[in-house]
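Naming follows writing order (A, B and C), and every chain is counted from residue 1.
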Amino acid sequence: MSLDYLWTGFGVALQWHNLMYGLAGCFLGTLVGALPAVGPINGIALLLPLLYSMGVPADSTMILLAGVYYGAEYGGRISSILLNVPGDAGAVMTALDGNPMARQGRAAEALAISGISSFVGGMIAVVGLTFFAPLLGQLAIGFGPAEYFVLMVFAFATLSSMVGHHPVKTMIGCVIGLALTTIGLDPTSGAYRFTFDEPELSSGIEFIILVIGLFSISEVLFMLEHQYHGRLKPIAVGRGFPSLATLRSCVGTVLRCSGIGFVVGVLPGTGASVASAVSYTTEKRLLDRGTFGKGDPRGLAAPEAANNAAAGGAFVPMLTLGVPGSGTTAVMLGALMLYNIMPGPQLFTERPDIAGGLIASMYIGNILLLLLNLPMVHVFVRLLTVPNWVLIPGILVLSFLGVYSMYASVLSIYMMLGIGVLGYAARKLDFDLAPIVLGFVLGRVAETNLRNALAISGGEVSILFESTISLVLWGMAVLVVLAPWYLHRRRRAAMAAAPDGTAA
Amino acid sequence: MHTADSPGQAGLTARLPGVVLFGFAVVYGIAGTQIEYAFSSDPLGPRSFPVILSLLLAVLAVWYALRPGNAEPWPRGRLLARLVGLLVLSALSATLYVPLGFPLATLMMCAGTAILFDATPRQAIACGVGNAALWYGVFVHLLGVPLPVGTLFGG
Amino acid sequence: MKRFLSSAAVVAILFGAGAAMAAPEKTECLAGAKPGGGFDLTCRLVSNSLLATKMIPAPMAVTYMEGGVGATAYNHVIGSRPSDPGLVVAASSGSALLLAQGKFGKHDETAVRWLGAVGTDYGVIAVAADSPITSLDQLVKAYKDQPNAFPVGGGGAVGSQDWMKAAVVAKGAGVPPRQMRYAALEGGGAVATALQGGHIKIASGDAGEMAPHHKAGKVRILAVMADERLPGDLADVPTAKEQGYDLTWPVWRGYYVGPQVSDADYTWWVDTLATLVKTPEFQKEREERGLFPLAILGKDFDDRVRADVARFKELAKEAGL
């Protein structure tokens, strides 16, 4: 494929006013992402109408929004790492090792690793987007309901790594997450399930409400408890930049997870949350010697590289097929259509300024963001020195607004608070919250696609084993369950982690 | 931290979550078999998943009740009162969004929360006013999200 | 512009609701879904063009209330803001379908005041671009012979508009809708890719979202479910009627207001929309959103919604829902 469009694009994106729009986007995005509980979807959905009504041209709008999108992916980690409050769905896994690092006084180091992993993941995705977009578009087309279901089987297989010291609790969490997805309109039969005639429940529990409730609200309750016990000792801020050895230990993880993240991001119907979950659990399965979840830099680098790669990958189906790969790209697709630009393969030839400008601005945006983020690390860690009576009310208001600005309903805030109490109780009982979220992320995709596949085949289960893609995914699922068991056995490691590999 | 490692020592309280989960699984499963639908184009239908999940959950709940593992003690006394206070305050302020408006409801919530986190009254008021003004400004004027100003004031 | 908006809001606060027969001081369009969807598009259509034509003094706010494909917004307006003169809510023929199936809760279609429809899309039936089938008639005959060889895909559940469209075609082929191998996919884009990938053989969708894929040579639209051929990219696609099948499926987009909005305010909105749809600004906005001309306003629209609901009830019963 000719890369003429890309040169046209750099010509567009490097115009000084577009550079300014790009920079503004990166800055706004980092800000939107950094605010706990407010994610990129909020940012883009709120900015788009504003830009349109101000008469900003299409190329500049897309460049600015792409900046916001990427910036939010960088910024969203800050509250995850420092406060254990994920800003959006993709940042849930980041907190697992990022927050323990911060608690150990390695906050600055964690933020730097997150920034660098994000940069590598983002760059790999843009390069992939540049050179393989049409090819990957074909891959996405190859994914039908059967293939998506097998992909979910693979994802559940990687989840077996989450079965830690207390497998029952992990499995209960996962099943509860799965059960939560069955609330609302059944997308296949159109039946309402567990809605109790309440219209607000008819579209199910929104992911953002679940994440904010489970993490932000329960964290606030825990902080109150620590305050009461006088157990809130100030966390050492830490000024260290990660050592070369630390960075080197993450190289393999970052490259692997960028690859996983990019491919998962390319598939419409799965997004950054699935990408970060699958790469974290895969890495844990491959590398964990009891350090994951306790501040292992690789456990932080994995989801970070993956969700930025997925963010880039999500542009592939949007640009080549006109099908959004994630919630945020759905809003961006809406933006393109608002300007009467229809994405699809013809976009590269008909509007090279848009397609190329967008991709070129991703290269530039990623570099800008790394440059913007690394020096800012020391500003961000100051957040840890803010007294609780200032910080907590702010987190609460933003949690409320993150929900209210999307759903304009008080009931959704009650729901968020209720979920927060459940999250608090679960943590008291020594449950991990991550399996709940993972069950929720994977549940609906798994159920809908299995049922669609069986609807297409008329009940024949063989449809799940028909295509090459499915067979490869089945193979990978088996591999991911067996490989660590095999490795463990060969190394005869002293601590034999539970090798029963359940979940799948 | 109170722990109950071996199953023999675990008290009734420690097993209670298992019982609650079991009860939930039963209710969820029964409700799952009652889902009304005309017909589905797939052989599984909307009931299969909930029913399978409820069975799984029931088994896991029994397992949990037998081996509850570690747990932290539940909050009691004044701590419990504070936690409940925070939740009531939050829920109340959300309820008051429409009648009182976002700025006043937020002022109330933030000031109250600050007090719970050991702020002085002066600090608490500053925190309330600051948060209300800041976020109202950001969302309404910068992002163009309409927030309620309060029906009591004719908004 | 922002300052303008806020000062108008202050005026609205000070003087309460606007005087009758004048534009409401503060206007708002409620989209009963997430940003970026069909209701959002419908709201933006009216809010952008009202401002462009200066028919309202201050920008119309667009707000979102997701839930039940508009059900939450419907109940919210009836329950909490029944007399707000400045609030219009986006609706579509899909709303009428849900009302017909009783999925909007305890309220029926008479619970609000229907303002008007201002644009429409049409249903289409498509196959993959490399399919040997080139006409609706061929499709119906092939489907009749081997219904199981043709899994159908649409962007909605059993009972949705996409399913209904497929069901009427199946019925035309003498196949009971219940026996359709139907996959409910996530929106029109997913339907187009599933068709290209060969996962489904027949797609049921809307002209607006399928036309670009048709134009790009990815899918082949066999028939549009409109009374006349559509202008633009689909001008070469015959209607179902031309091919001997009396199938039409307009997907109108319009608005309603609360049940207790005064006659004067209701009339103001109807008159405003009537003037608006004739302006070039509106027509440009409408075309940009892939919508075709349609204007049914006031009492006519109220009748139309009731007729649609009755028709959908009939269809649902026939299909065994």
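Just so it is clear, contacts are C-beta pairs under 8 Å (C-beta built on N, C-alpha and C of every residue); 3 or more make two chains touch, one makes a residue touch a chain.
Computed from a predicted structure; not experimentally measured.
A.B. asks: Touching both chain A and chain B: give me those chains, sorted by label.
C.D. replies: Common neighbours, chain A/chain B: C.
A.B. asks: Quick check: more C-beta contact pairs at B-C or at A-C?
C.D. replies: A-C
A.B. asks: At what distance in angstrom does the C-alpha mean of chain B lie from that of chain A?
C.D. replies: Computed value for the inter-centroid distance: 23 Å.
A.B. asks: Centroid from C-alpha atoms only, then distance chain B to chain C, rounded to Å. What do you get?
C.D. replies: 36
A.B. asks: Between chain A and chain C, tell me the centre distance in angstrom, where each centre is the average of that chain's C-alpha atoms.
C.D. replies: 32
A.B. asks: Any chance you could list the residues of chain B touching two or more other chains?
C.D. replies: Within chain B, the residues that touch at least two other chains are 38-41, 98, 144.
A.B. asks: Indicate the residues of chain C shared as contacts by at least two other chains.
C.D. replies: In chain C, residues 63, 158-159, 181-184 touch at least two other chains, as defined above.
A.B. asks: Can you pull out the residues of chain A that are in contact with at least two other chains?
C.D. replies: Residues 49, 186, 188-190, 192, 452, 455, 458.
A.B. asks: Any idea which chain B residues touch chain C in the complex?
C.D. replies: 38-41, 98, 140-141, 144, 146, 149, 153-155
A.B. asks: Using the touch definition up top, name the residues of chain A that touch chain B in the complex.
C.D. replies: Going by the criterion above, the answer is residues 46-47, 49-50, 166, 168-169, 171-172, 175-176, 178-179, 182, 186, 188-194, 220-221, 223-225, 227-229, 387-390, 392-394, 396-398, 400-401, 404-405, 410, 413-414, 417, 421, 425, 428-430, 447, 450-452, 454-455, 458-459.
A.B. asks: Which residues of chain B touch chain A in the complex?
C.D. replies: 17, 21, 28, 31-32, 35-46, 49-50, 53-54, 56-57, 60-61, 63-64, 67, 69-72, 74-75, 78-79, 82-83, 86-87, 90-91, 93-95, 97-98, 106, 109-111, 113-114, 116-119, 123-124, 127-128, 131, 135, 139, 143-145, 147
A.B. asks: Which chain A residues qualify as touching chain C in the complex?
C.D. replies: 45, 48-49, 52-54, 140-146, 185-190, 192, 197, 199-203, 206, 268-269, 317, 321-324, 327, 330-331, 333-334, 337-340, 342, 344-346, 406-409, 448, 452-453, 455-458
A.B. asks: Using the touch definition from the top, list the residues of chain C that touch chain A in their complex.
C.D. replies: Residues 1, 34-37, 40-41, 44, 48, 51, 59, 62-69, 71-72, 74-76, 103-105, 148, 151, 156-160, 163, 181-186, 189-190, 192-194, 196-200, 212-213, 215-216, 218, 288-290.
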